[in-house]
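Right, one structure below, let's go through it.
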Amino acid sequence: MARRSIVFGLLAFVIVAAMAPALPTWLVSLATVALANALVVLGLIILWRAGLVPFGQALFYAIGAYAVALITRYTGMRDALILIAAGAVLSCLAAILAGFLLARYREIFFSMLSLAMSMILYGVLVKTETLGSTDGFGVEPPTYFGYAPQGHMRLLALFWLALAFCAASALLISLYFRSVAGSLAVPIRDSEIRLEFLGVSVNRLIHLNLVVAGTLAGIGGALVALSIEHVDPNMSYWTTSGGFVFVTILAGAGSVAAAFVGSFAFEFLKSIAYDILPGTWQIFLGTALLITILFLPEGIGSLYGRLRRRKPQSMGAS
Amino acid sequence: MSAILVVHDLEKTFGSLVAARAINIAVPPLQTVGIIGANGAGKTTFVNMITGHLRPSRGTIVFEDRDITGRPSREITRLGIARSFQLPQIFSSLTVLENMCAATAIAHAAGGLLRQALTPLHSPGTMAESEAALELFRITSYRHARAAALPQGVRKLLDIAMAVAGAPRVLLLDEPTSGISIEEKFGLMEVVMSALKNRRITVLFVEHDMDIVERYADRVLAFYDGAVIADGPPIETLENPRIQELISGPKLKAAAQRHA
Amino acid sequence: MLTAFAIVTDGLVYAAYLFLVAVGLTLIFGVMRILNVAHGSFYAFGAYGAAIAVGVYFDRGWPAAGGFLLMVLVAMAIGLVLGLVLERGLLRLVYGKDEIVVVLVTYAAFLILEDVIRLIWGPNSYALYQPLGAAGTVDVGALVLSGYDIGLVALAGLLAIGASFALKHTRWGRLLTVVIFDRELAAAFGINVTLVYTITFVIGAMLGALGGAVMAPKIAVTLGIGVEVIVLAFAVVAIGGMGSVGGAFIGALLVGESRAAAVHLLPQVELFVIYAVMALVLVFRPQGLFTRAQPRKI
């Protein structure tokens, strides 16, 4: 049963990839950003299952983005795969370091410390000339193994690359949720004591989850940097983190697929809102968030109620 | 080995408060020890020191000829000492079977975190073992019930079942029958003690119900003001007038015979 | 020497600003355990309200003292309305739910209110300069201090003293303190916790709006001021301890002076230093400097 959903998922990715050349430009761009953000949301889902909601995931997102931008600008390296890998590695390192501290906190303190860290980066970025300060700076379009695509092909190439990263992440995280370490997220939320007294180091487990989430966010940031061809300090601001949390709530934490469905739904909602209600798109989104939070199926609390599985035996996400 | 657990000159002070003083006990394998004492007498401190939750101020704890003094709880659990809790620590969002599977999988998942990240949770072996554990503790009929919705007795049993998933040799039960109605107490203890005997586990249990202690303990440790003031067979210890004065109160023979 | 003095005074003024903004937030968190993101909206509404109403007042040439009074009244009116609407209309629907859920609800409210501001007042910037002129300047040695700034510091100080006094010595204050300490216990004693919640939230809203109203002359009142302010307020509240008025005061001083020192000595770290202090406090004392750590109840 689990294998079937993985196959379906991969099939979905392949189908979307095949359809891409037929899609209009604006849709491909939007989809690329949606895919990138979905990775960040996937990381948030991993942490949310354990009962943790970081208010500063933008930290790793911005690190991934700025890594790409800085490497492009100062070394002339333009290969997309290498750039994104660099973003991933740097955000991974940041998450490992930050995790030593962050993994020891819970609940609102975890959220606040995470927020503080992202705002520290923001403060540094805004005030540093060489990093572009408030305006940020532009990012050159990337090359792919030496090939420099033009026009519509340029968008498609990045889109396919984003799709590949997403497919790989979706697969790996699905497997992770089925592993021993990955399925202990809900138990962490329910009884850390029991886990500790079964021999599990909860702090180390949370640290691992933070590193995974941070790396995913870094890849997302790197992809966005290449897609919009610009980075600025706002990528580390609290409103960016807030946006990711927003999407995560919309998406729900029930499955890996939720991250992608939620992210796409959000990008579409946002586009529609911009078009139809330009002066009031935040009212629209805010209301959507409220409706989502208020009218969830019953559960222990709305957040955690959403995590309740429909079938009793599926402890991992599908 | 002669004694599976040896505690030597164990002490714990919090500032000027002496929570435990000069405790010396040797527990032979497979013995069932009942720990009694008023609240604040040092029973929980004692249990917490053995399970690694508290570091002793002085003294040593030796388990299976290995010094475990001051080691963290995780390590002590992995070495073979487990515990259950007065308020059962179970995973409320999951079903009883999922709870048991988690405990079993963790018990089998040796190695570091990264290894655990790569090991699948559900293997046929884990399932079979979990079902067997539920069977042993007589809670099989609850297997698909969500843990949050269980009656208190079943929660206690699940807590204990999970604690022994890792095949510990010593188990500390913290007030196993607290919160259970009088009619159900003995039934619960019967299931628990026969399951633990089946698994060949040395048991130390903290209890306030003297009838339970008398019925199930091979040996009674009485705590008072941080020290062990009596250590002997249950009937003798509970008949001791000093113990009756300080801890248990006078014995009501009628009550004991009703449940024997 | 001059720099040191400038740092101290600038720090005090900034601290006053931070305290005014944060005190309502910390009160609401202390009593209701709600980290109210919409507090930024109270600030913004207060600023806009003051900018318009007080601007009109001064334009009419009426006496300055009345203008300052109007600022306070406008803030209180705005706080009352917004506070009631938000608390009775929205928050009571999510009481008892997980803390993080409630934060997200207030975040949603904040988003909605940001657009409401735009709908009411448009994207333009408003300036309220008259009160600054009316307050004049004070010469202290070689420095010229703005009378308005001195007034701000005085207001913050009075508010801090007043709030601490009220919490300790008035009936309502003591009720609030009990609820902050243990809500269940308070309810068990027959305290009408629901009423306490509503009143606290409204007071917090008024204080937030007051913060915006008195800051209006010093800033460009435009879209987005709530966004900046709320994260600063969070930092101060986290440092001082959530629920502690004294903590908010000390936290504001700490952040205010640190920032002033940064501005004068090492400008690159001006923004960074605020959140670095927040992170440091969270690391060593997650419950804040002045709150008791909550033991976990098993």
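The letters A, B and C name the chains in turn, as written, and every chain counts its residues from 1.
Heads up, the rule we're going with is that a contact is a pair of C-beta atoms (placed from the backbone, for glycine too) under 8 Å apart; a residue touches a chain by one contact, two chains touch by 3 or more.
Predicted model, so just to flag it, every value in this text is computed and none were measured.
With centres defined by CA atoms alone, the chain at the far end from chain B is C.
The most central chain, judged by the distance from its Cα centroid to the centroid of all protein Cα atoms shown, is A.
Centroids of chain A and chain B (each the mean of its C-alpha atoms) stand 43 Å apart. Here the CA centre of chain A is 32 Å from the CA centre of chain C. We define each chain's centre as the mean of its Cα atoms; on that basis chain B and chain C are separated by 51 Å. In chain C, the residues that reach two or more other chains under the touch definition are 298. Residue positions of chain B with contacts to 2 or more other chains are 85. In chain A, 193, 304 are the positions where the chain touches two or more neighbouring chains simultaneously. Those residues of chain A that touch chain B in the shared complex are 176, 178-184, 186-187, 189-191, 193-201, 204-205, 208, 300, 304, 307-308, 312-313, 315-316.
Only residues 51, 73-74, 77-78, 82-83, 85, 89-95, 97-98, 101-103, 105-107, 109, 113-114, 116-122, 144, 146-148, 159, 162-163, 165-166 of chain B touch chain A when the two sit together in their complex.
Listed in rising order, the residues of chain A touching chain C in the complex are 53, 101, 105, 107-109, 111-113, 115-117, 119-120, 122-124, 126-128, 193, 238-239, 242, 245-246, 249, 279-283, 285-287, 289-290, 293-294, 301-304. Touching chain A in their complex are the following residues of chain C: 35, 90, 93-94, 97-101, 103-105, 107-112, 114-116, 118-119, 227, 231, 234-235, 238, 267-276, 278-279, 282-283, 286-287, 298.
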